[in-house]
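Two complexes are shown next, each including chain A; its partner changes from chain B in the first to chain C in the second.
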Partner chain A sequence: MTFFADFCIPFIVGAAYMALVVAWKYVTWLRHLPKSDLKLIAKGIFSLKSLSATWEVIRESLLHARIWRVNPRLGYMHTSLAFGWFLLIAIGWIETIAYLGFRWVPLQGHVFFKYFVPKNNIETHLPAFDFVMDLLLLFVLSGVAMAWYKRHNSKSVGMKRTTRHTRFDRIALTALWFIFPARLIAESITAALYGGGSFLTGGLGDVLDSIFSRTTLYSIYEASWWAYSCALGLFFVAMPFSRYMHIFTEIPLIFLRHYRLRPTAEESSYDRFEIEACSRCGICIDPCQLQSQLGNNEVQSVYFLRDRRYNMLQQKIVNDCLMCGRCEQVCPVGINLNTLRLNSRVTMRNTPNEGRYKYLKGIDTSQGEGRVGYFAGCMTLLTPKTLHSMQQIFDAAGEQVWWADKSGGVCCGRPMMLSGEVDAAQKMVEKNKELFRVHGITTLVTSCPICLRVFRENYDLEGIEVLHHSEYILRLIKKGRLNITHNAQLTFTYHDPCELGRGSNIYDEPRAVIETIGQLIEPEHNRKNAFCCGASVANTAISDAQQRTIAQKVGAELEATNAETVVTACPLCKKAINRGVERRVADLSEIVAENIKNINR
Partner chain B sequence: MKHVVVIGGGVAGIRCAIELAEMGIEVTIVEKQKHIGGKVRNWHKLFPSFTPAENVVEELIKRVQNCQNVQIRCCCEAENITPHQVTISGGETLNCDAVVVASGFTLFDARIKEEYGYGIYDNVITSADLEDMLNRRAVKLTNGASPRRIALLHCVGSRDEKVCQRHCSKVCCVTGVKQAMELKRLFPTADVFNFYMDIRMFGPGYEEMYREAQADYNIHFVRGRISEVSPTIDGKLQIKAEDTLTGRPLKMGVDLLVLLIGMKAGDSNKRFELSCHLRRQDSGFMQPKDSFLGNVESNMNGVFYAGTVTAPKTIGESLNEAVTAAHSVAEWIKHTA
Partner chain C sequence: MINFGFSISKPRTIDIDRNNLHKSNEIIEAMPELQTCIGCGSCTATCTAGNLTEFNFRKVHTLVRRGEYQGAYEEMNKCMLCGKCRLVCPRGINTRGVVMLIKRKIGDF
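Let's turn to the complex of A and B:
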């Protein structure tokens, strides 16, 4: 057997082209990785990490486990296409071996096996293979049908909106839709003419045989294989430039992640793996409040990654993000969407200026002395009730406190960091670090989740424990240093601040504190799925009116709980929600201070 | 005899009732508070003439009480309004031939602008608190001392998108000037500062008053909003602001901070919209039928407006509108009879 026919050319050319481009991409990306990343790869590659990565590749790249969790209908669609196609290839190879024994067969021999080895050409027919292959083809076709239907009616798979595509995506997508129907027709005609095939290709073959004359079937026989080969070839050519590049990017990405490579504050070659691993499934669109509550399209993570990948990123898209992390939460590929957007901001907006913060030298407006430091942050200074309540709490617990910024101080740096001005932020980080060291604190309490995050993630405060006031207050209560009156009549609802919840993984502490005071009624969206209040300092693109719209929508959901008081644990959220609700909005510290039973000392 | 229900017993409501009564129409005033007289009752003196507020209110109350055909129902609210029926607290319904809504405004709650520390720090008061102190002749600091440096902050809860109050409350600028002059009269050696965005001196005699405040009273005017207030160790208030004329940030220690709180749409307006289908503006104030020829009429025939229920207004403007509303009501009643 020669295993070559003219119709194979589109497939061979396409496959070879794709292999070259993908290989070129891999090599370029890997070559440009920072040295530290290369060392991590060298360390991890021959360790157990590679095994666990392999397992994850099976789970995610083939079975799409995470999509199943987010949306089972989409999960089925992706599994049927990816795993189904994989099995068609794998079983196809086994079939080849079963018929021809262990011998070298060129790639097109496997792919177009039914053409090269029709039933009438073999000694012992193995119908089980026909059945399995038909079943798998049906499995894949069901996925294709779903994908096609989803394009026209995304609500059918539980998505309000689906992604708008680029030209390459549309070529690849169209080719992909044609591959399996073309294969079905080619194999059915083959079955009609030469036998073989099971319930699907065999069945359709019988139907074709009964409708068309043999002559007609013979005349379109070659053409049908040409069509199949062309669809494959076209898909392969468009693939490296389209969303389908994710198929071959996610696999190395999973390995690199297991070797502990991460995107950083500045853009690096590693980012290419994350960016091209985006399949543009569009799952990130629905959770985005800029879309659902403001109708801002084309700014969501999927579009941000698309634009960055094709070098057509605009600042207004980079800036138009609340960094609430709701998209990251659902991304089936687990892409670090916030980090990537942030490092784009750094590239676009960071303007180093040595002289700009010279005035910071010598500034120290702190008051008091103690091992515990309290950092209010700029936003808490605009909600002084929180500061006042913290003072009452510290007094009741008999804590000696060093007040870092009671009458104004140096910003924690995170707002600058979020805007991409990392150099300016670093100046503030250094200044505050110096103050913390000079005053010898061992615990740093802050009532602002924005400050909390930067202290934990960027300050490197060895020997100083950083606590959010919710954690600190809960600790005081547990240790018996703070006695709180419980009144079951008091009802509260709680708004999870993004930086505290999704950002710092603190969900339970504020709830535990609220429950020591009264009854907590949860809003519809809470914890990991909580809404952003809309006032995020990370978004410099939306208007005040748009911020208010978001706040009002979020406020309405909190008011729907009918709780007397809306509690939050972030000064910015408090201010924002106050614009959207008529009932009382309080910081966690306020309701604690109001319900202190006895002053210990 | 024809019967009209006037909702709200403030200056506009009373004035309207008097005018209707004089035309031989029976009137019921529905007032939420224990007494009629509205917010002017609590005011000390009125700009620009420094007329004691009580002169105005007492005269109006005396006149309305002399009207035989005016019934005053205090401590009750209008729950539901139709042109021919008003349901009040307790479920009682008042049948009528027309309704005048003169329910006024609500004072902006200064605690919402938390950064100014109202309700948190001592010696941060509102313009309404100051009027009350002036009435009681008790303008002093919490520790009993006299203030030596005073700041008045304009536009608290007005022209402020951050607290969803975009409108100008109209009367606070001139109130700020008036209160600064009163404070200066009480404490001639004190330094008095007005922090403002614009000074809007639109009425007769206002501009003259503003000049007098600067030339004769030596009151300082700084263009810039205060951004935040914090207490100092020695019991003062430290304010941070930007002088936008010199373009410099400034910090200042003051003994007393007066917040000139704005007029917010009345609390009952939302209810009027939801249950009575009366139209509201984006600002929350009720929407008159037309800004020119129908400014005391509502979108519902037989329901009329008078005073600050439709927008911030001065006392004089509210009184004028009350008269206009009364005449429009009378005309409508005659028409429909």
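Let's turn to the complex of A and C:
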């Protein structure tokens, strides 16, 4: 039996080239992983983690479950292409075995099996396989048709915008669109000439047979298989350099993630897996407020990852991000977009200067004594009502408080960290940590989610419980240390701060506190889908006018609830939203302090 | 000489014709809004670092714009980037961006 024909060459060359490039990439990335990561892999590879990773590969790489949740039509498109193609290959393999028994068949023999059946004078027919293969081909073709239609009308699959592609992406994309129609034509002509084929290829074969003469069909027979092979070959050559690299990269990424590898504050080889696992599906574009509210089409995560992948990253793209985390929330590959952008900022940061913040030595501006420490944070010092309200709450609850920075203190370090200057930020972290230890606090309360996040993630405060004031107030109310007057007439709406919600996973506590006071009316975008106020300290690129525009658009949605007061739990959000709404904006602590029963005003 | 406890201040003349304004122009080009500064000093008044040291953002960026780069990098490095100045600026200048820009542009002076 022969399993070679000249037309197979483009396919063989393409496949071999792709295999080499992909293997070379993986080996290089794995080799450069930090030692600690390699240890994690060695520990995880022969454990149950590999099994759960396999299950996730099936769910995500083949079925694309997370995209189904974004939009079912978009999900179907991805499933039909990925899972459909996979089944075509897998069942094609089984088909060869069914025809020829267990014997070695070269790769092209499996892929172009329909061509080699008449060529090798195989007489047996298995119509069941013909039917299944035709069904699968139809499944994939429906996906291709949707993908093609999506290019022209992305709203049909629930996306306002799709990605602008690079040249390699276009080549690969065009080749991919050609593969399956080319296969359909080649198999149909074969069916017309030699029989076989089911409802799709057989049916189309009959149609071709009735239109064209046998001589015409014979003359384009080889050419049709050449076209199919060339489309495959071209796709394979372009694939490792295009978005389609995600097809393979997502698989090792899922395994590595299950072995607990994560991107870190500084760039590492692991990042390559995340970056090249991005399929540039563009799902991250729509949630980006810089896009939807400011019309900026250059800076979204998909373009950031693209630029970083091809080494053409510019500072202004890296800096222009609110780090609100709305894109990370929807990314179907689960890429740690914020961490990657942050470690790019670290790489591009200003020259570190060892002598920085020497002036911090010996500084202690704190007041009072107590086991509970209160860290207002820079932003709270600009919203003195919050500070005053916290004082009232502490007084009412009879709490002895150590005030870390009532009359100005040292910044928590997160704004500096977000600008990439982690080494400088570390000096502030050390300073504040030292103060917390010296004053022997056991609980640290802060009314600023920015500070809260850095305390929890970067401070390593063993023995000190870090609480956001919403958590702390709720605890006081539950323990009965704080009595609140409930008034159903009062209506509030709540704006989720990014650092508190998506950043620290605190959604319920502020809501519970508001509901003890009055009635809460939710805005359209809330919790995980909440908008960013626009003033995020992570963005040093947008202008004041742009910040105001975002605040107004976010404010309009909050005003649409018709609630009397807009409540938020972040001093920066309060400042920002204040510029976007007419009605009163208050911090959570303010409305609590106004409604305390047990207080001597 | 007998020390009477008096000293003479250094001359504070800024000669824009002699100063090298190359970096200064680059900074203004990248952040043109800096020219709208009215010098009110709100930034310096709220400054977290200014509360602890002599750091004066208004002074430093004004000097840098006039081509006086001496010591500006070290001064700017006192900034903690907390962003209070940006919130109080009546002209809405992106002060945090200015700090980052000045540090980047004159780091080697």
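Couple of notes before you dig in:
The definition used in the following text is that the second predicted complex is superposed on the first by the 593 of 601 C-alpha atoms of A that agree within 3 Å, B and C clash if a C-alpha of one lies under 4 Å from a C-alpha of the other, contacts with A are read in each partner's own complex, and residues count from 1 in each chain.
Criterion: a residue touches a chain if its C-beta (ideal position, glycine included) is under 8 Å from a C-beta of that chain, and two chains touch if they have at least 3 such contacts.
Every value quoted in this text rests on a predicted model; they were computed, and no experiment measured them.
Partners chain B and chain C, once the complexes are superposed on chain A, run into each other and clash. Of the two partner chains, neither chain B nor chain C is touched by A:25. In the superposed model, A:183 lies in contact with neither chain B nor chain C. With both structures placed on the common chain, the touch criterion links A:381 to chain B and to chain C. With both structures placed on the common chain, the touch criterion links A:544 to chain B and to chain C.
Legend: residue contacts after superposition of the two complexes on their common chain; A:356 is shown touching chain C, with no touch to chain B.
Contacts of A:415 after superposition on the shared chain: chain C is touched, whereas chain B is not. Of the two partners chain B and chain C, it is C that touches the larger number of chain A residues.
After overlaying the two complexes on the shared chain, residue contacts for A:428 are found with chain C alone; chain B is out of touch. By the touch criterion defined above, A:306 reaches neither chain B nor chain C.
When the shared chain is aligned, chain B comes close enough to touch A:578, but chain C does not.
Clashing C-alpha atoms with chain C appear in just one stretch of chain B from the list 75-83, 165-173, 201-209 or 219-227: 219-227. According to the touch criterion, the shared surface of chain A, contacted by chain B in one complex and chain C in the other, consists of residues 381-382, 408, 544-545, 548, 575.
Of all residues in chain A, those touching chain C in their complex are 319, 350-351, 353, 355-357, 359-360, 363, 365, 378-379, 381-382, 408-411, 413, 415-416, 419, 421, 424, 428, 535, 537, 540-545, 548, 572, 575. For chain A in complex with chain B, the touching residues are 367, 381-385, 388, 406-408, 544-545, 548, 575, 578-579.
Those residues of chain B that touch chain A in the shared complex are 112, 114-115, 117, 120-121, 161-164, 228-230, 232-233, 238, 240. Only residues 33, 46, 48, 51-53, 74, 77-78, 80-84, 86-89, 92-94, 96-97, 100, 103-104, 107 of chain C touch chain A when the two sit together in their complex.
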